[in-house]
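Next come two complexes, and both contain chain A; in the first it sits with chain B, in the second with chain C.
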Partner chain A sequence: MDITSLFAALPGNIAQGIIWGVMALGVYLTFRVLNIADLTVDGSFATGGAVTVVLITNGVPVPVAILVAVLAGALAGLCTGILHTVLGIPDILAGILSQIALYSINLDIMSGCANMAVNVMKYKLLLSLRNVPGAILVSLIFVVVIIALMYWYLGTEQGSALRSTGNNPAMSRAQGININMMKVIALSLSNALVALSGGLIAQYQGFADINMGRGAIVIGLAAVIIGEVIGNAIFKKKMNFVLRLSFVVIGAIIYYIVIGIVLWLHMPTNDLKLFTAIIVAIFLAVPYLKGTANNSFRKAAKRGAGK
Partner chain B sequence: MIRANDIHKTFNPGTINEKVALNGVTLELNDGEFVTVIGGNGAGKSTFLNALAGVWPVDSGSIEIDGVNVTGLSEHKRAKYLGRVFQDPMTGTAADMEIIENLALANRRGKNRGLSWGVTKNEKEEYYELLKELDLGLEERMTAKVGLLSGGQRQALTLLMATLQKPKVLLLDEHTAALDPKTAKTVLETTDRIVSNHKLTTLMVTHNMKDAINHGNRLIMMNEGKIILNISGEEKKNLTVKDLLQKFEEVSGEEFTTDKAILGG
Partner chain C sequence: MKKKLLAIMLTAAMAVTTITACGGNTGSSTGGSDATQNVSNPNAKYNVGVCQLVQHPALDAATEGFTAALRDSLGEDVNITIQNAAGDSATCATITNTFVSDGVDLIMANATPALQAAVSSTGDIPIVGTSVTDYATALELDSWNGKTGINVTGTSDLAPLAEQAAMLKDIFPASTYKNVGILYCAAEANSKYQAEEITKELTEMGYAVSDYTFSDTNDVAAVTTNACQNCDVIYIPTDNTAASCTETIDSVARPAGVPIVAGEEGICKVCGTVTLSINYYDIGYAAGEMAVQILKDGKDPKDMEIGFAKNVTKEFNPEICSALGITVPDDYKEIAKD
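And now, the complex of A and B:
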């Protein structure tokens, strides 16, 4: 185990982390703003990759391909939104239904292939792992623009209505907000970001894969939660909204660095998902356990016995 | 002006849990009228307010606000006519949003929410003055999250939010029931002041007979989904809790059993 090989892999991990950060920002929109864990993302991430690669290999300019991928993602979110609001299916289930449907749709998009390559020597891709510093730069530009747009949008009248919908639906209705409409908008925007991230990852790694989105929601949640824990630890009450969003991306980067370390330690790659699940479980559990530790019956009993 | 015409509502029809909640309620409020609604548990007071607010569609009857038939309008569409304050202080405000953001949300009730800024500079000054009038010191905490406020402060804020855009009708659903007596009194005083300043048409549900008598210029009593008493003018001014209890027994043929209502809890 040579430490230099770990450092050699670091830039690649960072690049991947930033690109997945785009996806995590999408997850933030549903998980934190709307208060829904949207499982559509596992499907729409691969949709973004599939649409991008298929269009590029068919000679469509890369920016157009990316744009169509984003729209495809928005459409996937729209479907989940309609399943949830118009047809009354619980949010988690609506996401699962979309996700499973997208598996077939993604296969159709890739004409039945489970895997489709796009060669950076042949097409003008925005980023590729053959040029990691370039990939970091391009993905950083995407992240900065997206954070700026999210900051702006969530500060608008509509964005405020979106936040209040996630925070207090009853109050929002009483203030004349169409909460179903807000949920559909948020789910669409979220999945648009997720598909964008999928399209970027497909270019970066040079292929789209039917399974590339498997477990994406967990990685997104990991990024959101790791970012929150670390951001709150550093900035405490000074965490403003831009910092909050930035730390979502930082969370994704940290996640990929940790994965890099795990690979460097030669842990079996088959266990990566198990490892991810354990990380997320720990980060989700810590705030809860901290709360109960300060407020436990056992301690109360001890305090009572001491007197 | 609001007019409810022969409203009926049955929950869980056809099941063993069937409950006739509203059994033909007809009521007309003229502009500027402040009506208090009293009645025992399950009398249909809150249900009636929810029917007016459009929380669910009524089974039959019609609701008209300011000449517009709103019977078929959903809750968020009807919101532009109505200001509402709820029993639970948590219901009326968004806890994770700032005081000023809550006010800005309320200021856009009934308006199209587009892509201009959610809170403008001019608004901030306006809200500062309005919060100052509440006399709770909230004007110095405008960027604090509402979740940090006490129940009484939240109700006062909700009241302000409900009246920021002058509503055609203000619906107060036992909005002081969850507060301690002292806070309840302050919130009621604030209610009186806001209602009279803006000459608001108001419907206030309360458990407390004294409050129902001391506030507003008309009192209605509900029982088993119907309005059984309607007292206004001089008669309302001279009303006592004892009179009210007596009248209740006369009309309904049973005793008023809610201790809380009698004792003024």
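And now, the complex of A and C:
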């Protein structure tokens, strides 16, 4: 139980956190901007990994493989969007349907193999566990570019329409915004980011696995919420949009540092999922409970009772 | 101010959850074999990290065998840290990265994703694998001569497929049992490999072989029903999902009167007729002996051949065999009931 070993493992946890941060940014787009908890991500994360590994092992250059993975993710999001908007299936269910379908599709992508290796010694991978500082650098570049693009895009006319769709769909429709189109666009963009993250993780850990996306949505939500709470605590009202996005990634990093601490403490990993769920529940519940406590009606009632 | 207080509260909540959960470890160490092994001895000569993919009887037995082998040869000279990724392949990467940054002397990787994560983490620290069926596929090696040629060696859990095919032929001859169905989970790389290998063997013997795959525990019953309708005999490889659904498979196959040949003892115990089984404790122990050779005798893993299970036993399930009217030769051992 040596504290130095915890610090020595820190860079690895940070690298993993930043890469999952890309995924968390995708979750932010649906969960916070669009106000939908999109469960497609559990499937599209593995799709990103599978497409990347299959293409790389077939001799396709890494950047092209990543690009195709991103497009595959966008396609998955498009399917969820169509199920939801054109076919009128509730958003949660549409996501679950895509997720289940992607399980089979991912297996087909990897020609029936549940697990495919991509050997770091044979290909020029963008990042790998072998070179943790390099992985941090590469993933950081990805994150910075993505945050810049998201900042720019959500400020454009279409981006503003997208945000207003999430805030108030009825009013947005009244203003002439095609809200179904906005939902499909956001779901596609979100899953494109998730697939990108899956492709990076597959290279980082040296393999793609059919189960690699299992529970990804929870990690994404955990990152979004942890980042939000901490960001709000530090910057209060000064929290702007770029900071908000940055803190999503920081949330993911914190999540993986916590996992590192859990492993370092030799806590039974059987309870890891329960532990994650408890943390996310606490981070979700506390701001809400605090909000109700500060509710003006309740304050008025208290004042009334005091009289 | 209030927000800051909130942040402090949340951090405290996280810390408390971590600590209580950690306290649970020392309190309830009955389930895992690892609790006592993790006590560190500051004077130990060697540090070994074990990364296991998931809680599973077979993998647990392999880890147990591995630690027993290290303890038998090195005694207190070795510190063994056991980490379990709880089925989350991404956590394997976190674990192996921790081992590398700790500077362990050797990593033991139990199951394929654990091995792949370990190989991605380090090119120098020796890695010993176990419960990995096919090292060439797992590590994506082009040429295969029994050694990996890198810092990796270990033992395979490959069931003796040729012998299993021969056993199937002995008891269920192709003249009456023409159609063989292979039942396994499509998500398990090891099962697919075994299915391909035994299909080659069986086709040569004159059987008509077809695959019946399910994607998770939910469609096992439906796929098994389909297999029973179309096949005379079913073969199940060492498949983890099938192993957890043996009751379901039995309740479909036995009424249909279709006998099952199993790739391992655990499956055969509930739903199979006969099996040739390997022992995961033994392959774990063999991996441990290889680790000792690397640590103590300075052997290089790239020169060490991948080991296979040495002892296989022919076993039969008396209850199902008599229900289906199947008689087995005398050299088959009765599977012990739990």
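By our rule, the second predicted complex is superposed on the first by the 291 of 307 C-alpha atoms of A that agree within 3 Å, B and C clash if a C-alpha of one lies under 4 Å from a C-alpha of the other, contacts with A are read in each partner's own complex, and residues count from 1 in each chain.
Here is the rule we go by: a residue touches a chain if its C-beta (ideal position, glycine included) is under 8 Å from a C-beta of that chain, and two chains touch if they have at least 3 such contacts.
Since the structure is predicted, the reported quantities are computational estimates derived from the model, not experimental observations.
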Quiz item: Can A:F207 be said to touch chain B (first), chain C (second), both, or neither?
Solution: second
Exercise. Decide which partner touches more residues of chain A, taking chain B and chain C as the two options.
Key: C
Quiz item: What is the contact status of A:V118 with respect to chain B (first) and chain C (second): first, second, both, or neither?
Solution: second
Quiz item: Just chain B (first), just chain C (second), both, or neither: which does A:L67 touch?
Solution: neither
Exercise. Go through the superposed model and pick first if A:I179 touches only chain B, second if only chain C, both, or neither.
Key: first
Quiz prompt | Partner chain in contact with A:G159 - chain B first, chain C second, else both or neither | solution = first
Practice problem: Go through the superposed model and pick first if A:M171 touches only chain B, second if only chain C, both, or neither. | Solution: first
Exercise. Look at A:I257 in the shared chain and tell me whether it touches chain B only, chain C only, both, or neither; answer first, second, both or neither.
Key: neither
Quiz prompt | chain B residues touching chain A - in the complex, by the definition given at the top | solution = 53, 75-77, 79-80, 82, 84, 86, 90-97, 101-102, 104-106, 108-111, 113-119, 161
Quiz item: So in the complex, which bits of chain A are touching chain C?
Solution: 1, 5, 8-9, 11-13, 16, 57, 103-104, 107, 112-122, 128-130, 132, 201, 204-207, 209-212, 214-215, 229-230, 232-234, 236, 256, 258-275, 278-279, 282-283, 286-287, 290
Exercise. Would you mind writing out the residues of chain C in touch with chain A in their complex?
Key: 2-4, 6-7, 9-10, 13-14, 17-18, 21-22, 24-25, 28, 31-32, 38, 40, 55, 81, 83-98, 100-103, 112-113, 116-117, 119-123, 137-141, 150, 186-189, 192, 215-216
Quiz prompt | List of chain A residues in touch with chain B within their complex | solution = 153, 155-161, 163-164, 167-168, 170-179
